[in-house]
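Down below are the structures I want you to see.
Here chain A shows up in two complexes: once beside chain B, once beside chain C.
Up next, the complex of A and B:
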């Protein structure tokens, strides 16, 4: 398909965030929508996540990644929303003119009234790890290995060490084992795993793969092809302890050391990014500091649950439709700050306009550490006085689990600042208040 | 015998100790759980652990060289190896649609292996 030169809403990225944003914008009455996707298929990262565990919240059943993606692709098709594939956006300028390229159509310029950023995230590369040694073949990011095994049908190697116990690393430990590889161990720098318990149990314990906490790779052996790595224990300052080194033979090292939102394009139009999430700073409409430019999904902040991606993206899509229809002003004057405090690392959004806000506003955030029996507080500040408006006990708060609360308009009217904090509270017995079942 | 495991029903991840009479395969006691969900999880996980298996099957004549698959229901954990053996040997022909049965009654478990992605007929770099 050859896109037109002008759309009311252009969505950059056809992963779950872009798809849900498009469908919501269409349902809000917008007819002129284009999704631009770099890959040859819609669905984003979900196409390579062939394991199950998606969509429990949204569809009440555990789907695999491709199945979850297909539900949204079907909606996009049924709504007749336009999309172009194998097309990469390379630039956005201040007038919201998008420059994209594809082999089929060459260089294209497309004007938009509103833009939804939905580019997802990419994996942290090895360079950021500073492991000394050569750079032999056999070192992959876990996500790259996932694509090779699940989409291309190519096994990266036979004896494997995985550095980093994030969920992608854990999932790949199981996947490579099932495909006949010998996964020797998963090493984690921190004294705890960043992955879900469920993945530790079903991806490591089920296959007797050891998880070495407080361990890291200090050396890499091999010139052409990886021959082995040296593992060492680290102290509480995360420094390798001399004398604990251990050589492990392997032909493959997978790195699962975190994801970073992909915001090169956002920076080009002057979108302000958060130092905590590396994603745009947005208001309650999920609109960046550049009017009419919205963000959702992993480009905004890294999500572990795709259901929340879809929910967030729907809001961004609706708001973009409002904006494109001229029903939303550009005024920022009445926005006040939402401030994280205590164990709360960041919030999305960071600003809210109390007049404009819906009856309920979702605030998503992560905490900095594990807090068993944790409590979430929201307070408002008025004339220098602070008043608590919400308090929620949780069985546990953990960095790996995104939390969300709802702010009611009636509670926040007149506030000068809203503060979200979390901590422990003595005397609160675990699990009296929150239903379990937050599995994914 | 006492089995030690982590409850996965919520993020708290309680460490459970499940005491099982090895002869009758009956659970005598579950300890360490903070709520009833852990009790149920501990019992099931020791007596009859079940898993959904997901993998890929070689595909010919499609836009991709593989089609992702899953067991339509959970299968006993002890049967994962047998299920994988059949999945590795299986082959499918494009086009395939989500839900198409790729292997019937895999490894005699009574559960089918089904496709989890729509793949049209086309040309891909097929596996050698």
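Up next, the complex of A and C:
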């Protein structure tokens, strides 16, 4: 398809976020929408996630990644939304002019009234971990191995060690085992896993793959192809403990050590990023500091479940449609801050306009540590007084699981600041509890 | 097979010699044990073209560096290699270091290095605002530059190949025997004969030398570890920032690479094993600590990769550690002990050795020699109009494969199908920059492997990172095997 030179909404990325944003924008009445996807198919990384477990919240059934993606691809097709494939955006300027290239259409420039950023994330590579040793073949990020196995149909190796217990690493532990590889262990630097509990049970425990918490790889052996790694236990400061080193023979090392939102294009536009999430700082409309530029999905913050990506992206799509139709003002004057405190690492959004906000606003966040018997608090601040508006007990709070709460408009009207905190029910979260308790 | 000259080693030195010898009418062959050129010391260094002020006056190091630096503008233009004279600052953070700085300036003057001056703290900060505030003075060497060592080596080699030099890759030399009128060289790919043998074997130059010469030499691999930062940290420093040199070398420096990524390193540790080009905890920690001596706020958190290179250090009995350049046995020429400033000296060493060999063999000038070569186009660096035009001419330039460095399939195809083209992932990397970005090959390596397999007509299981046993995938999956 040859795209036109102007659209009301251009969506960068045709993965789960981009697809859901497009469908929602269309349903909100917007007709002029273009999705730009760099791969040869829509669906994004879901296409290589052939395991099940997707869609329980959204569709009430357990789907595989490609099945989940297909539902949204069908909606995009049925709605007649335009998209281009194998097309890479190489620049977006402050006037929302998008420059993209493809084999089919060459170099093209497209003007947009509103842009939805939905580029997803990338995996942290070995280099950023500064693991010493050789640099042989046989070291892959878990997602790269997933593509090789599930899309290309090739095995990266036979004996595998996985560093990092992120979800992709856990999923690949099972996948490589099912393909006949010997997955020796999963090592995790932290004293807890960054992955979903269900994945630890279903991907490691069910296959007797040991999860070595507080362990890391301290050396890589093998000049041409990986021959082995040295594993060591780490202390509370995450430093390897001398004397705990153990050599593990393997021909493959998979890294599942974190995901980084891909915001190189966002930076070109002038979008402000969070130092915590590496994603854009957005208001309750999921709009960045650049008016008419919205963000959703893993480019905004790394999600645990795709269902929440879809939900967030639908909001971004609706808001982009509002903006493109001229129904949303550019004013930021009435926005107040939403501030994370205690064990809450960040919030999305970070700002909210109390007048403009819907009756309910979703705030998503993650906690910094595993907290059994955790409690989430939301408070509003006015004239230096803090008042708790929400308190929710959780059996456990964990960094691997994204949390979300709903702020009711009636609760937050008149606030000068909103504080989201978490701690144990005993109250460890930096004074919040005390004050909140006092006003309860 | 009988050659006029056989060069052992296709690093920057061997490749430069090959290109210079191609200016003569002769049958020339380069033997390289790795799967590609530029696989040893040439691929892992500071990527600098030093001004030449720090070598001992009168030494080959001093002469070759000064001359090599002066030749770089022309060579870079001919071989289409990126080169920029950004200047270097040797920084002194303590009054007590000033005499050493002055000594360095004096050495530089003796070596004939132009545009050298000592600047005060104010001027130094003006030139390089990122310097630590306790800067006292600096030696400013304006002719110091940065290049791409991959492109320079590949440029020399490709240009040599275009002009008729034969390259035998994956070919290890196991022995050299004197014969009537030359040498018989035993290799993993059979024997070759040569009237003249040129030893440019880098860290293995001692082994090659000792196969022929009575006076034995020993090369000690001197390891240097580096951190390379994300291009997003571009602009951290404008110059190459050195500390005052020590006995072990020029110390940990901070410099931009020609692509904008800041580079921090190297350490300097003598090791025993020539295959141990591995990074270490101590080495990476040392880089971390020392980088902040000279430059403020080095964002080491933006490290995208760490690597280690081995310098071919040679101690000669008289205490000097100069390059050995010349005919050390009848018809056997050494370019040995080529550590820093080897890259900077390479154009001069190439010319020096080639002239010597040509004289020995009484070679005639090759009138058809073409000194020019074009590198793989890098679309990221071109203006939008030119990019547009190129994609119209060749639509493969529109298909982006490496998203971080915006490398297209067209560029990768060019890298594979040119003289001495890439056959490995690393080969593609060094010719196109694909995989060198922030994701470090995560997204694009499966795609590049596919392209290599398709273009070289090989199964995916034979596509390697850099030769030897470095395959990326080992077999088809159960399902994959059915397809």
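Everything below uses one rule, namely that the second predicted complex is superposed on the first by the 425 of 440 C-alpha atoms of A that agree within 3 Å, B and C clash if a C-alpha of one lies under 4 Å from a C-alpha of the other, contacts with A are read in each partner's own complex, and residues count from 1 in each chain.
The rule we apply is simple: a contact is a pair of C-beta atoms (placed from the backbone, for glycine too) under 8 Å apart; a residue touches a chain by one contact, two chains touch by 3 or more.
Small disclaimer: the values here were computed from a predicted structure and weren't measured.
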### Query
Where does A:396 make contact in the superposed view: on chain B (first), on chain C (second), on both, or on neither?
first
### Query
Between chain B (first) and chain C (second), which does A:47 come into contact with in this model arrangement: first, second, both, or neither?
first
### Query
If you stack the two complexes on chain A, which partner ends up touching A:406: first (chain B), second (chain C), both, or neither?
neither
### Task
Kindly classify A:206 by the partners it touches after superposition: chain B alone (first), chain C alone (second), both, or neither?
first
### Query
Is A:152 touching the first partner chain B, the second partner chain C, both, or neither of them?
both
### Task
Determine, under the contact definition given at the top, whether A:241 touches first (chain B), second (chain C), both, or neither.
neither
### Task
Tell me which partner A:90 touches in the superposition: chain B (first), chain C (second), both or neither.
second
### Task
Look at A:66 in the shared chain and tell me whether it touches chain B only, chain C only, both, or neither; answer first, second, both or neither.
first
### Contacts of A:197 with chain B and chain C, given as first, second, both or neither
first
### Query
Which parts of chain A are touched by chain B and by chain C alike?
149, 151-153, 179-180
### chain A partner contacts - residues on chain B that touch it in the complex
5-13, 34-35, 37, 51-56, 58, 64-66, 68, 70, 77, 80, 84, 88, 98, 116-118, 125, 127
## Note on the structure
Per the touch rule above, chain A residues touching chain B in the complex are 47, 50-52, 62-64, 66-67, 70, 149-153, 175, 178-180, 196-198, 200-202, 205-206, 372, 395-396, 398, 400-401, 430-431, 436-439
### For the chain A and chain C complex, residues of the former touching the latter
38, 86, 88, 90, 99, 101-107, 122-123, 125-128, 130, 132-138, 141, 143-144, 147-149, 151-158, 179-180, 218, 220, 223-225, 240, 251, 264, 267
#### Entry: chain A partner contacts - residues on chain C that touch it in the complex
227-228, 232, 275, 277-281, 283-284, 301, 303-307, 384, 387-388, 391-392, 395-400, 403-404, 406, 408-409, 438-443, 445-446, 450, 460-461, 464-481, 483
